[in-house]
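In what follows, structures are represented as structure tokens.
There are two complexes below, and they share subunit A, which is joined by subunit B in the first and by subunit C in the second.
The block that comes next holds the complex of A and B.
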């Protein structure tokens, strides 16, 4: 249930302002640890700015959606919703420079598959990628635990798809005036898919998004749902609750309508910048990363040797 | 394990349930009829290994593995000679070494390892300890004595019990007869109604029977006395907490109240969804479940509004920039 979920408790923010605040904080924190003795201007030129980070995130959200829609076997929509929610949640408190969105994106999809009970073994998963598949598999698996811990193990995501079904059933049952309601479904679903590209899932509850999508779809088909809202759905609600709902619906509409795809060239420029300033410790291709992995392996080996020695002593 | 069977005539326990396997000193089994057939003259060679065997040495195979039988046989023979007791040794270690030696000999003989050397060793031991062996043969070990004593005691007890039951029965019979006589006497000479007299007698006899029963059984077969539960240390009484009181679950919807499961049926919600297939029904799924969930999800959180408290996310920013470190848990 959403009202008692971790999503409502920890992952709903006041709005774009609060989100920007957190993202800027993450960005500054990263720059603080890495700037060395660069001057402010140099740092600005070298590191990504919060707005550049946002461009990058948006770009990779598009890539993620494309990857998911071409995925074989075809995945249920809730997997896409969940993986995007993971991705967005991750970059609320982490910088794009710290973890490259390319790695996190794939890991998010892989984890979402598991969470939404659409499990695809890693071997089959990477078959959807071009390039060195083994390397991809290694990267995904090594980032999986990090991702989960950064998400604070809040893995259940409530997507707007089921509420949409619920509203459709409810309207069909309690508000029979509309004939052929199914024609609303398509535009409504398109609206929800569009909303996935925005920060809506970090600000609004899934049922609010679903209801807005329904209103949007109805308006497109020239049907009015106002009477349904007033006389059926919110009949028992207080005036304040009604106001909140209407206000939130307006905000959702505004947020989703205001979404604009990022121009490709802009994103590419940012990406080039990122290749320089990213955290090499979290880059699976870098020497630092490999060195660290080796150390970790050695450590494990050491532990095993020690354990064995202890066992022998006990004998 | 394979089916147990006679290696010569290939009869198995399955085909002939009354099959009896016999075994001789060499450890190879034969069924009863084969033994009769092969050893008509009283002696012959084992069909498996050619050892000369005597018919009288055949005995029933108790263990499934014939090798075990062989080992038991050998052990019996060896122990006849190696019959020293613990008292014969100065220290426990010596005794244990001696036991170890016996085990080695038995193992060697039953697994055909250095048979000649071992046999020679036995002979030598026999020669050296001739007197000792003879002396010990007549002496029973302490364990055996104890066992014998136990058996004797048990026998005594069982005879006692038999006597007691016999006596009890006798007494009961006598009592019954006395009752009958008393009843007839009463019927003859008392001037109460016959019905009353019979009833009162019945009661009295029943009462007596119950008493007798209570007196008779005082102990379970295990020897624990009936009615002596007080001997058992009582369990420490658990501190009883407050009794559980049911309070109905209050859902916090943050939205309009969704219809209940019953309303789904009465208000016709189910007409608007795909009905469950037979296969799904067999697994316990009903379309109402999915419908209920969708409606709940739709209504839930509709009134949700930006959290009033400072977003808990702020608490997490401290750990957010350090790479690969587990996040603070709050």
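The block that comes next holds the complex of A and C.
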């Protein structure tokens, strides 16, 4: 049930202000540990600002959606929704500079496939990518546990697609006066898909998003659902509850309609900056990363030798 | 720049928060340890998620178990306290390990049943079965199948509270047509529909297991110990009667119905065969309903809970008193080698040697 879920307990925020607060905190925390003796101006020029981070996240959310929609075998919509929810949750408390969105993005999709019971073996998964597939597979698997723990193992995501289905069934059953209700399905679904590109899933419950999508779809088809809302769905609600619901619907609409794609050049400029200021220890391509893996393998060998020696001593 | 900075996981406690006391079991995907929180001294059970041989990253079975247990909160379901990560060490190739941390339960039912000192009265057996069915009722109404019912997965606290455990094979189900794997459930507890290749199964598979466990409360060891799937079906037919389209309409449509040899002309003798152990008529009747061949006719958990067995004298009685006479943990894993059945493969032949490393920790034996 959504009301008792980890999503409603830990991953719903009051709104943009609270989200910006956490993201800025993550951004500042990263800069604090790495600025060295850079002056404020130098730091600003070198590191990503919170708004640049947001541009980057938005950009990769678009890439993620595109990756998912072109994925073979075709992916159920809830996998896309869950992938995006994981991705957004991850960057509430983490900086893009610490973990590159391109690695996290793929890991989110891979994990979401498992979570949503749309199981795709890693070999088949990376066949959807161009380039060094083995390297992609290694990166995905090495970030998987980090992603899970940063999500605090809250893996169940409630998407708006199911409540939309529920509302449609409810209208068909309890509000029969609308003919050909199915025609509002498509615009409603498009609204939900659009909402996935925004912070809606971090602020609103899935049913609020679904209800708004329904109102939006109905308006687009020239159908009024006002009476369904007042006389059926919210029949037993108090005036106050009614007001809150209407207010939330307006907020969802505002959030989703306010979405604007990031201009390509802008995103490219930020990416360039990121190449310099990112955490090389979390970059599978970096020398630091490779060096560390080698050191660890050496250590492993050391441990084995020591263990063997100890066993021999015991004999 | 510092050379290697250990990442910190604010959400996710470090495994060193706990000290391991003893290994107490082997789950579907990893080992289980008894451990203690160093600070609070709370005793817990830690289930290790084996990562070393996972080409596909974090095992999907463990993922399901986490997801499912985060939702299921009930007195008769094992309580998941938290998840913690062990630091990456050279031993696990820096793919650090994850532990699921559970409340600790002192016994499992297989361990209790294998100890002749532990005697259950009829009223106590009723309490065990009532809690077990209550747990099943709860998970099934949450649309979850357990898929690994067996006595070793039924935990009992020292105060006699029963908890269904090991959701390593569990998964969500829907009422639609499904194609799940039928390679689930330990052979001796596997229902006939799975043995015949059914892939669109439902909650009834867990109730077959509940029937096997119920009988075991009297027989003290699993009632049908087949060596192969074929053998298991033979044993089932000998107890529950021949599997035919007359007793089980539609069974002939299952994949393996024609491919496997099914004993013919067997009469159903569930009540007769168990009568030697079980004297209570109500118990025999409920057993008969649980061990029904046709899954669509098998009793569900709700109806089973309403069965007269639980509502006539002697009424179900807490195990608290009986268990207070025993001050040692009893787990199947630590019990003498008798009847350990690995999943999806024939159980070891009788007299097989137990794998090495099963030396029960003395410290552990004395605890509580």
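Rule of thumb we're sticking to: the second predicted complex is superposed on the first by the 295 of 315 C-alpha atoms of A that agree within 3 Å, B and C clash if a C-alpha of one lies under 4 Å from a C-alpha of the other, contacts with A are read in each partner's own complex, and residues count from 1 in each chain.
As a convention for this text, a contact is a pair of C-beta atoms (placed from the backbone, for glycine too) under 8 Å apart; a residue touches a chain by one contact, two chains touch by 3 or more.
Bear in mind the structure is a predicted one, so any value in this text is a computation, not a measurement.
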item: Which of subunit B and subunit C A:281 touches, first, second, both or neither; value: both
item: Which of subunit B and subunit C A:121 touches, first, second, both or neither; value: second
item: Which of subunit B and subunit C A:299 touches, first, second, both or neither; value: second
item: Which of subunit B and subunit C A:144 touches, first, second, both or neither; value: second
item: Touching partner for A:132 - first (subunit B), second (subunit C), both, neither; value: neither
item: Contacts of A:9 with subunit B and subunit C, given as first, second, both or neither; value: first
item: Touching partner for A:154 - first (subunit B), second (subunit C), both, neither; value: second
item: Superposed model, subunit A: greater residue contact from subunit B or subunit C; value: B
item: Touched partner set for A:110, first subunit B, second subunit C, both or neither; value: second
item: Subunit B and subunit C contact sites that coincide on subunit A, given as residue numbers; value: 93, 146, 149-150, 152, 281
item: Residues of subunit A defined as touching subunit C within the complex; value: 5-6, 34, 93, 110-111, 114-115, 117, 119, 121-122, 140-142, 144-146, 148-150, 152-156, 280-281, 292-293, 296-297, 299-300, 302-303
item: Subunit A residues within the subunit B interface of the complex; value: 1-4, 8-15, 18, 22, 25-26, 29-30, 32-33, 92-95, 98-99, 146, 149-150, 152, 158, 162-170, 172-174, 203-208, 210-211, 233-237, 241, 244-245, 248, 279, 281-282
item: Residue ranges of subunit B in contact with subunit A within the complex; value: 251-257, 267-269, 271-273, 291, 293-307, 311-314, 316-317, 320-321, 323-324, 326-327, 329
item: Touching residues on subunit C, where the partner in the complex is subunit A; value: 1, 4-5, 7, 9-12, 51, 55-58, 60, 63, 66-67, 70-71, 83, 85, 88, 90-91, 93-96, 98, 171-172
